[in-house]
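Working notes, structure below.
Chain IDs A, B, C and D follow the sequence of writing; residue 1 opens each chain.
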Amino acid sequence: MTDTGRVEAFSDGVFAIAITLLILEIKVPADLGGRSLWHALAQEWPSFAAYVVSFFNIGIMWINHHAMFRLIARVDRQLLFLNLSLLLVVAFVPFPTALMAAYLDENSPASHVAAAVFAGTSVLVAIAFTAMWRYVVRDGHLLRPGVDLIAARATVRRFGLGFFVYLATVGLAFISAPLTLAVLFLIAVYYAFDQLAVDTRQQRGSAA
Amino acid sequence: MTDTGRVEAFSDGVFAIAITLLILEIKVPADLGGRSLWHALAQEWPSFAAYVVSFFNIGIMWINHHAMFRLIARVDRQLLFLNLSLLLVVAFVPFPTALMAAYLDENSPASHVAAAVFAGTSVLVAIAFTAMWRYVVRDGHLLRPGVDLIAARATVRRFGLGFFVYLATVGLAFISAPLTLAVLFLIAVYYAFDQLAVDTRQQRGSAA
Amino acid sequence: MTDTGRVEAFSDGVFAIAITLLILEIKVPADLGGRSLWHALAQEWPSFAAYVVSFFNIGIMWINHHAMFRLIARVDRQLLFLNLSLLLVVAFVPFPTALMAAYLDENSPASHVAAAVFAGTSVLVAIAFTAMWRYVVRDGHLLRPGVDLIAARATVRRFGLGFFVYLATVGLAFISAPLTLAVLFLIAVYYAFDQLAVDTRQQRGSAA
Amino acid sequence: MTDTGRVEAFSDGVFAIAITLLILEIKVPADLGGRSLWHALAQEWPSFAAYVVSFFNIGIMWINHHAMFRLIARVDRQLLFLNLSLLLVVAFVPFPTALMAAYLDENSPASHVAAAVFAGTSVLVAIAFTAMWRYVVRDGHLLRPGVDLIAARATVRRFGLGFFVYLATVGLAFISAPLTLAVLFLIAVYYAFDQLAVDTRQQRGSAA
């Protein structure tokens, strides 16, 4: 197993655990108090919505991480540290998810704060990805042989774009928390398809 | 590691974590209130029953997933997204399990709702598996060379059958929650042996 | 990856998660009520003791599982089902651990029940291991070529011995819960060294 | 997969799970009681600080473990037991992290106790690493061929140094809990870069 192999396996573990821990934020209704269980579950819709959005969000991060490491041949100390910083944010996602679930339906100032923290976590993820990728493509000494350095550098701008998109959703959080959640879901689905297209292009570069 | 390898490793992680998190829904009796601890544990039988049924259920899903990926050579964007959707439902299983554990012995309308959600989750799993397998066998471009496309397509109908079987247990939930749990357990044990028989046949097709 | 490879990877995941989830049963003292935090932590000694014993217990199970699979070349449906049953018991261990932690220092009938459930879980593990290994060595069609079938069968008796040893600790539970915990710790340490000796002998048989 | 491979995979699993479970100690503010959610989150700063420090701490342990096993070719019973003892302490980290989060801002005797337990866990980790590495380099029979035994032995002293550094932070805990946390963070960042430098040197020795 190369160094990259063990870093990828460890990262995969963190991604898989973080994505599966999300379910712990959905609580079994403790006291029905005259409501039917259907009714009680329906009132928990923010928990279900936050679960789905965060699940796809972490899924997309995993796909991105995977696509990035397919172009990397070796890791050094700086990259290990940057990767650990990225995982710090990924493993953090269950907290804003639980926060969103708890405060989304309150229609109060707290719902805006929860949504801002939720969206802000995606901003941090974008920063961590950009920092990591920027380091890798700076002089390219860690890239696999045959990877097109110019094309690889161009994708940094794409990550930067993600940063501004997520920053806009932080602003949106102060207008409407449910809308923020819906937009973040659409972004995740969009990235699921688009980001991989980039990846395929990179692969072609790598195979060239 | 091929693409399939990392997708399988990530999926295995999610399956292993979801199946192990199930134990967190069994709570230590907090207040004995004059009962013996034996008595208190015996009253928790729905937790133990739900644990066993869900454990075998997720185990069977893992075996199916494994059998499916043995026939797949490559993954593309759509398949990654469909696989992520499947994992979303798999990772969700601990919630209906906890719900069932909490409301099974109430002998109340809530027990029917809990059982319906529990059985309904298996319907969602059947849909996710069918969608994924249907996509793979549509034109077969992702299958391993040598896999019998006609035989592979025939198995879609089997997954469809699972859908109707699980749908029937949702109906059963409104008659008796404990009976629903018992039937789901028997289905899981049945699938453990039968589904793999299909798989072996496919393997033979693959080796042809 | 061979079939055995994916079964081992999935099982390793369950072992690793179950052993790491044990920490969740140790609770942060919520209300000091005039005690110092040192004092409050000292009163939690059953939690710490149960954590250490269960950690080594699961560790030993993993080592045994590992040793067993080194002799197995292929898996079939029955073995998959038996392995899933074994994992069901392994993943269950955090519950009796939490039970022991909650009731050990009560010096009450409940402490005996908790200790009996804790020791009883090891009995179930011994049964699951025996059933699995007995199936493997019955006709030996799943064993690696070169494994000494006679020697392999002899180890079934060893697993049977484990069954009786653990059964005795269930009896001990009704005399003293702390003593039961101490004896189970010593057995785990003993097995850590001894069981592997057997394994090494088997390896020699396998290399013959 | 060699023996080392499965021990590494199991250990990686425990490291990845322990590092991801840390997030469970950050609790969603349950009762705002007139405060804004921003305010309530800001008051939880010890949880966030403890999360970050423990995350990097476990990350460094993983990097060290990885570096150590790159020099090891085979495992025997003693090493398995020592590795299990190390993992026992690694998997324990979420508890002192939660303790620190709960008592850090109390500015009370309890904050000193929490910080001492937090720092003391790092002392235990240093002891476990030293015991393991000392065993490996004693006669070197488990090392990869070509590893410089003299250089490898020299690193034991470095681990011993870590022991004294962490012991000093236990003393610091009785002066200031927040300062202890800050110093432990700096040590983790320092080790992230420095320890790997040692590793690279060892690698060169291994390649010689």
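Operating definition for what follows: a residue touches a chain if its C-beta (ideal position, glycine included) is under 8 Å from a C-beta of that chain, and two chains touch if they have at least 3 such contacts.
All figures in this text were calculated on a predicted structure; none of them were measured in a lab.
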Practice item. Note the shortest touch-path length, in steps, from chain B to chain D. Key: 2
Review point. Once chain A is fitted to chain B on CA atoms, what angle does the rotation have, in steps of 5 degrees?
Key: 90
Review point. So which chain is farthest from chain C, going by the mean of the CA atoms in each chain?
Key: A
Study note, to complete from the structure: dist(centroid_CA(chain B), centroid_CA(chain C)) in Å evaluates to 26
Point to revise | Centroid spacing, where centroids are CA-atom means, of chain A and chain C in whole angstrom | key: 37
Review point. Tell me, which residues of chain B touch at least two other chains?
Key: 9, 13, 17, 21, 24
Practice item. Pick one for the touching-chains graph, please: line, ring, star, complete, other. Key: ring
Review point. Every pair of chains that touch: which are they?
Key: A-B, A-D, B-C, C-D
Revision key, fill the gap. In the complex, chain D touches chain A at residues 5, 8-9, 12-13, 15-17, 19-24, 26, 28, 32, 36-38, 41, 51-52, 55-56, 59, 62-63, 66, 189, 192-193, 196-197
Revision key, fill the gap. Note: in the complex, chain A contacts chain D through residues 1, 6, 9-10, 13-14, 17-18, 21, 24, 77, 80-81, 84, 87-88, 91-92, 94-95, 98-99, 102-103, 109-110, 113-114, 117
